[in-house]
Structures are given as structure tokens and as C-alpha cells.
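First chain written, first letter: the chains are A, B, C, D, E and F, and each begins at residue 1.
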Amino acid sequence: MLNKSYDAFIGCAGDYEEAKIVLFGAPFDSTTSNRPGARFGSRAIRRESQALETFSPYQNRDLCDISVFDSGDLTLAIGDTKMVLDSVYEHAKTILSDGKLPFMLGGEHLVTLGAVKAASEKYPGLHIIHFDAHADLRDDYLGVKLSHACVMRRCWDLLGDGHIHQFGIRSGDKEEFEWADKGHVSQIRFDFTGLGDTVMALRGFPIYLTVDLDILDPSEFPGTGTPEAGGVKFTQLLNAAFTVCSKLDVVACDVNELSPPCDSTGISAAAASKFTRELLLAL
Amino acid sequence: MLNKSYDAFIGCAGDYEEAKIVLFGAPFDSTTSNRPGARFGSRAIRRESQALETFSPYQNRDLCDISVFDSGDLTLAIGDTKMVLDSVYEHAKTILSDGKLPFMLGGEHLVTLGAVKAASEKYPGLHIIHFDAHADLRDDYLGVKLSHACVMRRCWDLLGDGHIHQFGIRSGDKEEFEWADKGHVSQIRFDFTGLGDTVMALRGFPIYLTVDLDILDPSEFPGTGTPEAGGVKFTQLLNAAFTVCSKLDVVACDVNELSPPCDSTGISAAAASKFTRELLLAL
Amino acid sequence: MLNKSYDAFIGCAGDYEEAKIVLFGAPFDSTTSNRPGARFGSRAIRRESQALETFSPYQNRDLCDISVFDSGDLTLAIGDTKMVLDSVYEHAKTILSDGKLPFMLGGEHLVTLGAVKAASEKYPGLHIIHFDAHADLRDDYLGVKLSHACVMRRCWDLLGDGHIHQFGIRSGDKEEFEWADKGHVSQIRFDFTGLGDTVMALRGFPIYLTVDLDILDPSEFPGTGTPEAGGVKFTQLLNAAFTVCSKLDVVACDVNELSPPCDSTGISAAAASKFTRELLLAL
Amino acid sequence: MLNKSYDAFIGCAGDYEEAKIVLFGAPFDSTTSNRPGARFGSRAIRRESQALETFSPYQNRDLCDISVFDSGDLTLAIGDTKMVLDSVYEHAKTILSDGKLPFMLGGEHLVTLGAVKAASEKYPGLHIIHFDAHADLRDDYLGVKLSHACVMRRCWDLLGDGHIHQFGIRSGDKEEFEWADKGHVSQIRFDFTGLGDTVMALRGFPIYLTVDLDILDPSEFPGTGTPEAGGVKFTQLLNAAFTVCSKLDVVACDVNELSPPCDSTGISAAAASKFTRELLLAL
Amino acid sequence: MLNKSYDAFIGCAGDYEEAKIVLFGAPFDSTTSNRPGARFGSRAIRRESQALETFSPYQNRDLCDISVFDSGDLTLAIGDTKMVLDSVYEHAKTILSDGKLPFMLGGEHLVTLGAVKAASEKYPGLHIIHFDAHADLRDDYLGVKLSHACVMRRCWDLLGDGHIHQFGIRSGDKEEFEWADKGHVSQIRFDFTGLGDTVMALRGFPIYLTVDLDILDPSEFPGTGTPEAGGVKFTQLLNAAFTVCSKLDVVACDVNELSPPCDSTGISAAAASKFTRELLLAL
Amino acid sequence: MLNKSYDAFIGCAGDYEEAKIVLFGAPFDSTTSNRPGARFGSRAIRRESQALETFSPYQNRDLCDISVFDSGDLTLAIGDTKMVLDSVYEHAKTILSDGKLPFMLGGEHLVTLGAVKAASEKYPGLHIIHFDAHADLRDDYLGVKLSHACVMRRCWDLLGDGHIHQFGIRSGDKEEFEWADKGHVSQIRFDFTGLGDTVMALRGFPIYLTVDLDILDPSEFPGTGTPEAGGVKFTQLLNAAFTVCSKLDVVACDVNELSPPCDSTGISAAAASKFTRELLLAL
């Protein structure tokens, strides 16, 4: 008898019961304002991982030595944003209630809202560390409240003032920056300046880490719907993630906005896949 | 003083007041089940028209001799399907109430629903002639009622049995074909067999012509979200459209599902643009 | 507890024990003489099948009503042709010895040799029906005997004169055509002329059907390493396959030479996937 | 000592002295009105020929049995149309004065003018057989007389009424068609209807055969600056060329308008290369 | 009645009369020596601007607060370089005579010559600050004087010694560098070293700022005809432009050499569009 | 009589007899584990060189002042690794025995093995300086000993401990790093730290310099089979190469792993071509 060969993220084909981390994909991009395609992001990350080693020379650790379960992609109701967010919420909630860490691969950034809701219910006092090129703080986008351009504003609806910590922001409209400056969220423009201080201040709190990969410079990460010139380098992002993971209690995380149709050379999928490996090893 | 040079569809930069036909784009693709990108379709059709002549050697007519107004693309609330359909409906309604023919460029096929609603309110007894590879007759797609896979079923909700006439259908699930076979819609598979008879039977009725360009063979029209091998040729589609326009009273129409990101060579945009010119001249 | 979602060919996620047909991929292209990339063919066929319906309006049959097991892709020793062919041979042999029909997705055409060897051992008197643009009858290619340009010559080494029946051939060097004309193989150039006669003559014999998809016209199937202008249409190929499957005893088959990196629009993967569905239903 | 390996068109690396046909490239596209890139056409045809056989199963002839010299690409003064046309003229003139047949690979269609001038000087009474999607009969394009949209009009300046015979034309502005209809040139729209009669009428005259490959349907030949839906098939073009070459005295010819940057799948370069082989064998 | 929606550069749809800056496109690339396509640059910059915010977090300014008029693209006589340069000259002259600042979007770099001529007529003593990877100082290119490889030499013909200040140059032939070293122009290789000193020295003079975007590293700006490894970063270019605009009297400027067909991922168009926004805000 | 125009690497069309350096291509990629296509690398480097100047502003030297012979690409037996390596070996041996320096353009990295063998026979005590992202130290890859993932291990088989000096390594499996750490090879991770010391220590020894271009960051060099985020910059690589060439006795070298099908924007070919020019001038 033959077995199925199964394309999980490399080194993540273990059992659910034993796993500490559960990886899953949220293939959704219906609210993307510019170029769509992020729905294919999680699949590309998983596939591209086949070209990676399980070993990290950055951390001297190996995926074979930890226990991750990749549950594959969710089947989402493309076209109905609320149903999609409910599916994400339910999946994350199941993982959290089983005492595991949900690690979501987007999809567009809006999917974060479903997972943050689940995490905030289990972990009152949750803080979000948010790496992104865009502030995502609009109250609505052309009248739509559930948009990837509003996701952090919707998370603020859940968590309130002072619980969202943004880094790398280099795009937004005037109102978003003014709203942030009123103290609703903390916001570092362009890079990771002051990340160390933030990490010190958040010790002991439960942390949701959300990484919009378009924080990277488009030269290193072209494959995203809205590339913004002037971003951070891959190694900077890696170090920032290591800082967060080594010092804080990350209870859930996500990596999003890889859009394979915008990634003609494939280097964005490769970078996203490598970053996922490193983040899995750092958690 | 300098004037603006304005990229309307070629030969369609006339005045609204004088125009008999009003062209507009509906840049929406949020319910697309497979590869998104149709939101950029109308813009590509308009741009590619710059490489066309205004003269048709097929009809010996020239766009310069008729009067069309291109109102550009609608600004749509990406992410909220109902708001989008309302915008389409309102725009088509305005055009119809001004005694003009609305000619919509998609976008995904769901936008047809908004325009059909407007047309059916003005023209009771409206019939739809539907050229497509896909039946689009599902009652829902993963629970979503407003999906491009359900658009003809939603139109049936408005028009009832016997008012939808499909040609070229070569894809659908078993339930769709069985439902069609119960007499709710008339359906010709694979090609335009019997179009002449249908046209004879519909003389005198107001007609909405909706053309999903994926009815074309993928060799001639690769740039669409769900290409289906085994389609009709461009000249067959042209002749079918000429038959409908020359014999029937078309009161509104649309051309949809060009997805420029799937059209790496650009031949699909060129074909869509040429078909639009021919349809404008034939109306 | 969560289950894995598994990307088998659509409708082929059943049990091995119950399956009559076993699908598997042979991701190999190391002997490709021109543009490589066929190693990614089977994966693309499987993935693209997610956009297909399980129902065929051509045959009025549904994959849900038959029993196919997709065993995924073989792990092949890229770089060592003999080891690769041994792996293919062993896999096909296991399937055959379990009384099932092996259905291989290439990969380049050379992989056929491993499966033919397994089939010819179980079924003495095996005949090959070969659909292809290229004769593949060279005795060697630049000194290499195990090359995709020689695969039918190597099959002839196993089966001898009169057991290979080629259709659609439109490329080869002078020696290949002269060698064929000596009666070693039967060969129809350009199309399927005389397929009916061949089928009549082969009734009762065990048949291996090998389909090099580059028999299709490059307009319908651009995504292959060596596209040859002037090929057959998808519907012609479909009908030829229906003729073979409905009249003869096909004991094994393969579909090969889809090269996704050469398929920028994706229509080749879509065609290959649809052809696979139809062939599965016809067998 | 080592020799240089030289990428001539396959089978065309012979001596100049012995050659009956001299192949050369004219890498120019500065007057292209839409998408440029034809400057890379000749190089792509030559390169792609490496994937061809020298043998034609259509004609049962082999390039190894005839004598062709490929002189490579001209070095042209990109940006100065007159200098470019002078270079083409001089090169063609040298070949003609050496008693050989010049076979030019474009580049855009305007380069034909230089070669026609040379051929008409040597062969008074020259007729042009012109296969194309576009009439190319404008007197000027935005004020420019030396434009690829005017090339046949400029040839008419040289040859006068009744010496240009167009086939396959499916695009032009109203004035071009009206001008043609006045009898300046003969013109068959859409296909090769009546080619046999034209060939009969031109027996004995010296013929320049110019093939704008965009006469082909964009499905078979997407890689060109201005693709026009509704073209002829490769096999139709092949047969038309065979008819001309077998019955008439072709003294010079060209094949043009392949634009590799528009040919993402490479099938256009492959078709152009194969057509070049067949035309070389048919001459 | 419906209005036209018009795709100007974002935030630049104001009135001509009130505007201080007039944006226009010069879609020309006929003298491009390597890969053409820059003719589509201005259109891509305008289109891509729709994905930008009008607000700059770099300068804390908003396009909504200044007054820019986008007059669209010029209609240029592709194929006749002199006519093209005359059109550019006339357009720039009109803008200058109306007391406004012309801001040209290329097109290839040669179009700068037309605008410089107009600016130098109005502003005697004009200096050019030139950011580029290539020296563009050849006296001719293959005999052609009006070539993008010669544009700065032609500007020197107009302005004489000491009026051209080059930065970032990393490519040229030996003669260009030797000619520059004779003092005809000042030239900084590789980066912006000494820009501060140049700016100090030019205070009070009228300045034409010309930016060939290929000064950027190809990693950040791949979409150009002749990418040169080893360029400057986007943020360096931004800062250099801020330095020039804040300290000097820029009377005209241009941004050129974006070639969309070479920009498969779209990041070059996004960078060019963002740079244009920043330059508009800095002027 | 006409001469052939021959596409050698720019400035390298001299005579073999006079040449000090002989350039040749090894178009092979059959053991590539991930995305193939490196077989087209040498051809792309040669072609792209046509867009380069022969003059280097980095070194103030000109290819016209040195003597290089480009012997073109080898004809390799795709599919048979041993035959391929023998061809490379024989070609390199001929060049070496004629007292010239072989400069090989890959192809995948495995071709280095053939050239190293030839160089080590002529130069006992040969050391390899190895710039790469990947360690390439596996003993086998899926059972295959002759794989590009094993090439440095195979070179170690020839040269023994202490003769291989790796820089820039940022990927490998745990066993490779552990094996290296045992002292078999010296290995610097991530960058060129300590290159100066290595160069000091190797003075007087014959050196083979092998450059896998994927050492570059994927942002600057996306066009390779296995891009690894976090690489070195082009200018860093250039300086490292200058250091090696100016201080050590390089007797042979190669540049490999450019994969044009993975290089949709063409910047990788441009970078490889420029690096080749610089390396030729530095030797």
C-alpha cells in the first residue's frame, strides 16, 4: 500500500497532539485595495519551503528538533468578509483552547482581525506588535469598515488605547498619522527605532506579533499588493523578530501580504518562507 | 492654456448629452473564486483601444460616425459586495433614465447583477442572452450567494423561468446542469448552436446581452481568472454578437472577466478591446 | 483536533485500497534538451485541478462517482537518470501488482520508459499508443541513450517492431523518419488520421497510452519545453483519447511535458488538468 | 587551438561564396507605433532555431542539403530612420549583386523598404506579395512618412499602381481601405482567398515576398507589437508561402514583426523560426 | 448628467490657471540603444499614483495642499526625433511663458533636450543638475547625434562648459570620462559625494533638475532599459532631491527612463510614482 | 563578400593565440535541485554584455586593452553528468596546457568540478576560494554524488583538507556545517569577514576562484535557482574579487548559477555580465 506524500511546510509534518505551534493558511484577499493575489500567499510559502533547509545558521537550530503542525489552508468563503473572519476566529480559537500557539499565514492583512479576536479573548491585556509599511488605521476605506486598510483600527476597537505598537510605518493618509499621534497607538516611522524600549515595557504581557511583509523594501520583497519604496532590510526584520521572540511572551502571530502573482522572480516567496522558518525557530 | 488629454475608449470622447451609448467600467473582482485581477479589466480595454483603429473592416463602420460617451470607471467599495452592486445599479439606472444604452466593462461577472436589475426595472419582460464558458447557476458558492459563480442564478431570482438564454457553456457542477435542464434557463453547451432560433423567438423583447469573455478559447483569450480549454473562436463570438445586435432590441450590455494580470502577452486585452469596438458599432 | 487539508487532484482523495486508478507524479526533467521545467508539471496539474469541477459536461460523468487515489509526487534523484527510472518502475510495478491502473503525470517524456517497463512485464504483448509532436525515436541524443528525445526508441528496445503507434508527429530528424518508415513503428504525421483503424486492429491487446501534451498546438498549450507550431486542437485530442479509452483495454497511461515555467498565462496547466480529469473519467 | 562556436540560424553556417540565399537580421523598431521590441526579433529567431531540426516533415527536405549563409545582424543607427534604411539597402544590394537571394529577418516592417528598393533596382517590374494583418498604406503617421504604418505606401511610391498584392488585411483606417479600393494595390481582407489567381497572374514576374507575422492569429503568434484578433492559422500561412514559392520567381523576401518582449511564452519565436526554416526550404 | 472620471496623477487634477507646477508626459523611446519601453513610463507613473496616498510622511506635506496641473501625455511623432523634440520644446515653452514650472515625465532621457532648450531660453545662465548612472556625454552613438546616450552632450552644446553637474555616474566609455575630466562638465562617480558643495556654489542660479531613474540600484529600480548594478538607494536619491529643492531655485525638472515592460513586478513604477510625489511636494 | 557578425562577450573577439584568458560557457543544469535554467546563463551573460561598455570606471581599465578570447558555449550531453564533466575537464585542460587562464561561465555549480580537476592536475597544491550562499558540502543529495549541492565536497575529494575557503555561506543542512567545522574546509558565514587574512595566508599558492552568484542578495540577483534572502551586495562582491585578484595568483575561475528563466526583469543577467567584465579586467 502506498502513502500520500503531503506538502506541509518543511519540517512541520508532525502530529497535532504533540505540536506546540500550529501553522495554518488564510487564503483571502477580497478587500485588497490595489493589486490582489495575497490569497495565494500561504500556499506559496508552504511550497517554497521545500527548497529550504530545516536548519538555520542564524540561530543554530533545526525545525526537526521542534514540534510544529501545519494544518494547511482554511477553506474560506471568498466574497463574504464576515464569514471569512469568523472562520479565522474559530480556527485560531480551537488552537488556542488546545494550549497551542496559532501561527497564521495570510492572505491579506485583514485576516489578522479574526486571530486577534480569538487571542484577546483568551489573553486579556493582549498587546499587538505590528511590523508594516502601512499604518492600516483608517476608520473606513471608501465606506468599508472591514478592509485591509483598516485592520489595525478594528483591532484597536477590540483592545483600546496603548495596546498597539507599530514599527516601520512609511505610508498612510494625514488622518491616520494624526489619529495615531493622539496616543491611540504608538508608532515608529520607517524603521525599528526604539523597539528595545518597547520590548522592555511589554515584558510579561501576552503579545500578538503581526508581520505585514511589505515592511520589507520592495527590492527584497516585490511580491506584494502595494509595494512602498524605502523599506527595511530582511536582516533588520529578522533581528527585530528575534528581539521580540526572545524577550516577550508571544502567544500568537501571523505573517501576511505575500502576493505570488506580483512576485515574478519568486524571491518574495523565498524570503517569506525563510522568515517563517526563522520565526518558527525563534518562538 | 493647456487642455487635459483624456484616455477614453478610442473614438468615445464625445458629449454625454448627445451620446446614444454610455460606456463605463466596473472594476470589481472580490468574489472571484480562482485567480483575481478582473478589477483591472475595464482600464486595460480602454488603454488597449489606443492601438486600435476606429474603423471596422468587418462592418465597414467607424466609431467616429456614431456617438458614444465613456464615463470612465466607477469608484467601487472593494470588499463590500452589496455596496458595489448598488453603485453599479445606480449608474446604470441613471443612464437608462436618460434614454441611453448602458455598456458596462467588467470586472468580474457578478457586476452584471446590478445592471440587470436596473434594466429589468425599466424594461419589464427583459430577456438575457448570456455568452459564457461557465453556467454561473449555483445557488451559492461556499455559502456565498453574491458570487460570480452564482450571478445567473441571482438574475433568475429577478427574471424567473425562461428569461435567460445561455450559449457556449462548458463548465459547471452537476447540480447546475440538472437545474438548467429542469427548464429554468435555456442552455446550449460548447457553442452557438441554435442561436438563430433563439433570436427568432426573442424578436420584439428587450434584451440584455452579457458576454463573459472566457467563452473564448484560452488560446485566444488566456487573460481570465478561470480559463477553460475548448472554447469558441473570436470570429464565432463576433458573428454571434452581430446576429444578436442586428436582429434584436438590445437595451443594455456588458463585457466582462478580462483579467490583465493573467494576460502576460496582452492578446486578451487586445481582443477584448476589439470586441468592444465591434459591439459598439453593431449596437 | 484538526485534520490536514491535503491538495490531491480534485475528487481523488479516496482510499488506496478501493481505488481502481492510482495517480502519481514523476517530477523529472534532467534530460530535457531545450527549456527545462517539466519537473513542476505534475504539481501544477494537481494544483490547477482545484479550479475545475469534478463533473464533465463532455461525458456527463463525475469524478465523485469513480474511485481514484492520488499518491502525490515521487521523490526522485534529480541528476541520476537510471535511479529516477528505477523509482518510476518500482512505483508503477507496485500499483500494477495491486491490480490497479497506474496513471503517471510527468515530468519529461523519458519517465514513460520506467512505467512501460513495469507494464510490459505484467502485460506481455503490450502495445503503446503514442500522441506527440516529436517522434522521440533517436538512438541517442549527443551520445546520451536515456534522453527524452529517445524515449520511444528505448521503448522499442523493450517491445520490438509493430508495437508502437504514433500520432500527430510533426518534428524529428531525417533519420528518425526513415527509421520509422522501415516499419519499426507505425507513424501518422500531423494528426489522428487512421486512429479508428488502429483501434480496430488493437482490440483485445493491452494498451499503454502515452500523451505528450506538446501534440497540442502551442496556441492552446504554450507551456512546454519545445513548442511546435501546427499542432492539434484540445477537442481533437480529447476525442482521440475517448476513442482509445472506450474501445481498448488501457492498462496504464501517462500525461507529460507540461512545463509551468514556460506557461506564463497558466492556460497550459489548466488544459493539462482538464485533460487529466477527462482521461480519468474515460478510463 | 579552439574554434569559436557561432550561433547562426541552424543549418546555415555555410560559406558565403557557395550560398544561394543570404540570411540577415535588421534589428530596428524605432517607428513602432504601439509596443516596441521587434529589434530583438532576428536574434530570437536565430536562437530559437537551435531547438529545431534541420529536417522538414512538411516538405521532406533538409537544410543540410541546401546552401544558406547567415550573415548575422546588421549594426543599425537606432534613432535615425534614414541611416537605418540606407544600411538595409546597401546590405541587400550587395547580396543581390552577388547573385544571391536576400532573406531579411526584421525588426519592424519598415525595414522592408530598404530591401525593396534594392530589389526593385535590380529587378524592374518587381511585384510585392504582402501577407499582413495591417494595410500599412497610410501616407503618414502623425506626420511621419517613414513609419511602419506607411511602409507599403512608401513601396508604392517606388513601384506604382498594381504592383502590390495584399492578403490577410484586417486592420486599417478608413482612408487606407478607400485608397486601396481605388486600385492602387490589390487587397484581400482577412485571409488568402484568391491567392491562386494572383499567383497565376504573376507568373514570370520577379517577386518580393514580405511576411508580417502578425497576419497570424494572436493565439499562435502573440509576440508582436500590435496583435489583431481574428488572424490566419500557421498551417494556412505555411501553405500560402508554399504556393508562392513553388509557382513564382521570388527574388527577395523578409519575415518581420516578431517582438520577443511581447512573447512571454516563447511560442511566437518558435513559430517564426519554424516558418523561416520552411521558407528557406521552399525557396 | 455624468462626469468623466479622469486619471491624472493623484492629487493633481486642479485647474491650469491656478497651478504653479504643470506635469506632462513625453512618451518617447525611439533612440533607446538597448531595451525600449520608456514610452510607457509616464502613463505607468500616473496610473501607479492611484495606489499612493497624497500625504508624505517624509515631508509632512500633502499634495492636496499644493496646486499641480497634470496635462497628460503629449502626442508625439514616434519615429522622427526632431519633431518629437520640437513638441516637447513647445509644450515646455508654453508652461514657462505662463509662469509655471514644467515637470516632465519621460520617456527616454533624450526628451530632456527639448525642455532644457525651452528653459535655457527663458533663464539665461541655466545650470543642470543631473542624476544618472550613465554619463550620456557621447558626441554620437553609431553616428546618431540625437540619441539618449548623447543627451547631456547636446545640452552642453546649448549651455557650454561648467553648467552641467553630474552625480552617480557609473557607466560610460573611456572617451566620455576623459571628455568630462577636461572640465566641460563636473562629474561625481557612483554617488552624491559633494552635492552639498555644488548646491552652495549654485545658489541664486536657475536650475534644471534632470533625474534618470537608473541612478537607482537595479534592485530597487529594475524597470529600465539599461540597468547598471551598484546604484544608489531610494532614500539617498530622495535626500539628494530634497537638498537640491530646498536650497536652490529649480525652474524646471524631469524624471525619466522608467520602462514598464522591463518592470515585471511593478516596483519600479511604484518607486517612480512615489519619487514624483515627493519631488512635487519638495519643489 | 560579407563577414559573419559574431556575438562574443563584448571586447573579447580577439585571437586565441594571443589571448591570455579564454572565456567559455558550460550550459548545464541537470542536477539542479530546485528551479532549473542555469543552462542558459552563459548565453545570457554574453548577450547582455552587448549593453555594457568595455570601460570600467571602477578600475579605469578597458577590455579593449587586454586580450581575451571567447570560445563560446560547449556542446554538452544534457542528461549524462559524467560526460558533461568530462567535456568541461577536457576543454579547461586544453586551455591550461596552452598556458592560458580558463574562465568558465556556468551553468550550475557542478561544472566547477570538471575545471577544478583540470586545474589541480596542472597546479598541485591548488586552493579554492569559494563565494556562495550555499555550502555545497553534502556527501550526496538524494543518493546522487554528482549534484550541484555536493560540488565542494567532490572538490574536497580531489584537494583534501584545508584547501577550500568559503565565504558568504548562509544555507546548508546541519551535517554540512558540522562537517565544515571539523576543519575540512574553512568557512565564513554570511559575508567576507576575514577575507584579507585568508588572502595573506594564501600568497604564492595557485588559486581557483569560483563564484556562485547566489551569494548576492536576491534583491540584486533574483535570477537564480535557489535565492537566499540576506546576501551580500554587488559592490561587496566586487571588492572581494578585486582583493583576491590583486593579491593572489588566480590560475582559473568561474562564475555560475545565473538562471535566466528566473530573471524576469533581466537585472541578474546585467549584474552577471558586469561582474564578468570586472573580473576579466581584474585578473
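The working rule: contacts are C-beta pairs under 8 Å (C-beta built on N, C-alpha and C of every residue); 3 or more make two chains touch, one makes a residue touch a chain.
Since we're looking at a predicted model, the values are computed, not measured.
A.B. asks: Please find the path from subunit B to subunit C through touching chains that uses the fewest steps, and give that number.
C.D. replies: Minimum number of steps from subunit B to subunit C: 1.
A.B. asks: Counting only C-alpha atoms to place each centre, which chain is farthest from subunit B?
C.D. replies: Centre of mass proxy via C-alpha means gives F as farthest from subunit B.
A.B. asks: Taking mean CA positions as centres, which chain lies farthest from subunit E?
C.D. replies: C
A.B. asks: For the sequence-identical pair subunit E and subunit F, determine the rotation angle of the Cα superposition and round it to the nearest 5 degrees.
C.D. replies: 120
A.B. asks: CA centre of subunit C versus CA centre of subunit F: separation in Å?
C.D. replies: 38
A.B. asks: Scan subunit D for residues touching two or more other chains and write them down.
C.D. replies: 33, 35, 75, 217, 219-220, 264-265
A.B. asks: Given the complex with subunit D, which residues does subunit E contribute to the contact?
C.D. replies: 29-33, 35-37, 39, 75-81, 83, 141-144, 146-147, 261
A.B. asks: Mind listing the subunit C positions that touch subunit D in their complex?
C.D. replies: 33-35, 169-174, 177, 189-190, 217-220, 222-223, 226-230, 262-265
A.B. asks: Considering the complex alone, what residue numbers of subunit B touch subunit D?
C.D. replies: 51-55, 57-58, 62, 217, 219-220, 234-235, 238, 264-267, 270-271, 274-275
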